[in-house]
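What follows is a set of structures for review.
Same chain, two partners: chain A is paired with chain B first, then with chain C.
Entry: the complex of A and B
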């Protein structure tokens, strides 16, 4: 009996220890694999080849021609250069280095800003009139930059297109060799135009662009409440109705930015306003 | 003997587990600079700044943040500034170019050709309704404004020194 117990004890110990080794190894492997999977989903948009990006730029260029068909371009070289300096500094802190961002001013008193895929961004003269410092301007441009870096229009249009053609990327959809390619292209431009001027972006895309803009402000050194202060002024002055109904309620946006700033310990943190420079470059116009 | 085997197994466990973790995931900085912070909060203390194209090794993910290792420093970086692929070079389009888009084995008609054909359609509609009006010359005017990335960054730095 005693001999039997002695015989079994080491075997049991060995089994126990091997099981422990196996369980630990399996757990860590599965954790690491899950972590890798989550990181590989960092950007869930699959169409990121050079062709797709070129197609996105061509598409954005044509959409911009439609935007400028609706509102005339303000051809003020000095002011446009200033907007480009601020916008390009912001866009370099975002995550799409392959895109050349370009900024233009729309000659209208409407208070709004727009972006087209491929890096084309427009701000209205009415919006510039209401801005009080460079941090606010940077915040508004940051919001539009985010729509492009997050490919909000591209994704929305592509989602619908892939229902019909699941193997197609953005490049193939607008550069297809079929005779109807130009019709498809024009239809997509119409859809994008509707998003900009009629339907608006999805609410979550707008809120996400607000938080990205606030992140960019904090990263560049501007006052991180730049966009928040501008939206509050819009709300206080009752300008919400002037925004063509393409943005979610200002109150929702203001609350979401305040929560984001609070969570990130940005509330009350100082940053550059550059009020004098803004007045010198933009308000003197 | 049993104790020796047990000791060997425990040692193996400690030796093998880090090997699984050691397969670190590379993240490439996409923004011109990416601050690495002491905590996953924008208001946290900045430990160091990584430059565009530099590699960060991801250790952990928390919402929109990655805990990373960079030059013996461990800290948090915003997921908005990194990607799993190296940053791409600037991609531009030249309308005069006859370059054709090519994806995989199938050669496609140029996106320029499609866009030009679509422009024809859009110009036709533009004459019929204000809703479809286009201004391609305005786009060219915006593209003629030349502000380089370097100028913009110098302008930003100058503003931050004020």
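Entry: the complex of A and C
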């Protein structure tokens, strides 16, 4: 019995392959090869283990110590409890229930807020002076919560752990008891410190944190424009230059939040401002 | 290597019941005798348009240009057992048919590969075992018919000791020519080391005996270039194309036969025939062109399909094979893979009233694997099942045709590490 198969004709097979090559060089449109990335290769995957979370908390504690070395902690129990009340309410809706968020006030007139991996968040006394209601405070704290839930610092300093870094994974920073591991740990703390006080986060990370904070405001029951109103005030009063150059232009951020609110039908949606409580707890100081 | 040439070298057979030493190579009638690579194996080898890890060095070197990290990969066929059954190859004196089985079992590392960035592209080095067989069996048949009128075979003892491995190892290099196009090449050094030892002892019912011993060894050295292309015409779709061929630059075949036939065939008491034959004739390999398409609808799901075409070479027919594969992530830590593939024979269908024809068995396989991912590593456990049916002539110089069935199960483990 003789085999019947059209592809056994070499000429047809050749035509088939030439057609493939022709198609290859004819299509000129460009597509990123990101679609090849499997779920196990996505960026946040390497940071999900229990060891990584522990390491992140230890790392954040160390970075917080550095922050407090720059600005002292404001020793005001009532105000600190209030900030924690607002911050923890916001963090209830954050994407990382495994993290216990802690909030503190930095005794400086600089207008800024900081977050360290592992749930450590600080807002400056200068920033509090500019805030006019609790929704604005919640918006600022929500922005810092988002930096932690999205692991912006963690990803940036350990971005190449699976590529170029001599160590594999964030946890090994802590687990390694060798001198070289300690050197690497200190180096990475330096990098994180540089992000907070000199370089700033990546623009897309800042914009992402703004939109997440806006969502958190809405889900927590606050006025969802809290962060937006605060940023507008900063812009109107010309305080952009006072933010240590660590944030992208206010204009871009304001526009991005407005677009996000419009797209998600948050514009004009009513929510709690809690102005009185804010004045009672914070402004009275 | 032509089957006929082997037959000429081997068969001094004086009793037609003598089973052929089959073929010298593990499976020269099929082109897909191994599925290297932990991920590719689970997907039935449908990997031409995926190939974005070290096993791409073997399947499509253009794919390694798209790898996301330096990576080391190894796969091991933890256990392979295959059985080839020739139905009613022998007949008992009662007329009842008796099957003859060839069994192979083997544990072998069949792939190792590593890739990393080098200059504008990705460099790789890999080792792939494309053929592996190890048969070590002893068989005894009793009360078998012989071709000698009035004489039966009281006892027929067959001892088999076969080893056949085909190794490919060498460097690869791939480069992206744009966001959606990459090219790559692999240059494998090819080495085949094959050995067959067969011992046949036949005790005839008239008190005479026949003893035959064969020793054959084949060593081949060559180069196997693979040129690959990977292209993404639209988002989430990848096309792959490769062309390759093995070129031998050295071949050394040695065969020894030692025979002590029965007196009725003219053998004296101490009359033992001994013959040695050698050949350096280099066999030809087909040109292999392979085409694949892969669809990546989400980070959790992947579908791929391949077509492979092998050209006609010497007495072998052209062959078209295909494979399809799927990958699905149950969670970011666990992926399941499934595949189907064909492995059709490169021989023609057997014709009636002819003798010593090569067997024709078309194989079909299915694969299944599960992979567990940790931060930088992966561990895979999988299985490959191959089933084939066809026809053969295992009795030398006899027009009898036997049905053949092949069953093969391979359990494989694999691992990968990104660094």
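We adopt the following convention: the second predicted complex is superposed on the first by the 231 of 285 C-alpha atoms of A that agree within 3 Å, B and C clash if a C-alpha of one lies under 4 Å from a C-alpha of the other, contacts with A are read in each partner's own complex, and residues count from 1 in each chain.
In this text, a contact is a pair of C-beta atoms (placed from the backbone, for glycine too) under 8 Å apart; a residue touches a chain by one contact, two chains touch by 3 or more.
Bear in mind the structure is a predicted one, so any value in this text is a computation, not a measurement.
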On chain A, which partner touches more residues: chain B or chain C?
B
Once the two structures are superposed, pull the chain A residues common to the chain B and chain C interfaces.
10, 13, 17, 20-21, 24, 29, 32, 35-36, 38-40, 42, 48-49, 52, 169
In the complex formed with chain B, which residues of chain A make contact?
9-10, 13-14, 17-18, 20-21, 24-25, 28-29, 32, 35-36, 38-40, 42-43, 48-55, 57-59, 61-62, 64-66, 68-70, 72-73, 75, 77, 80-81, 84-89, 92-100, 102-104, 120, 134, 149, 169, 171-172, 174-177, 181-183, 185-186, 189, 212, 214-215, 218-221, 224, 263-266, 269, 272, 274, 276-277
State the interface residues of chain A toward chain C in the complex, per the touch definition above.
1-3, 5, 7-8, 10, 13, 16-17, 20-21, 23-24, 27, 29-33, 35-42, 45-46, 48-49, 52, 161-163, 168-169
Chain C - residues contacting chain A, complex:
52, 66, 68-70, 178-181, 229, 231-236, 238-239, 241, 289, 291, 296, 299-300, 302, 307, 309, 311-312, 317-318, 320, 327, 329, 332-333, 335, 348-349, 373-376, 378, 418-419
Quick one: in the complex, what on chain B touches chain A?
1-2, 5-6, 9-10, 12-13, 16-17, 20-21, 23, 25, 27, 30-33, 35, 41-44, 52, 58, 60-61, 66, 78-85, 87-93, 101-103, 108-115, 117-122, 126, 132-136, 138-139, 141-143, 145, 147, 149, 151-153, 155-156, 159-160, 162
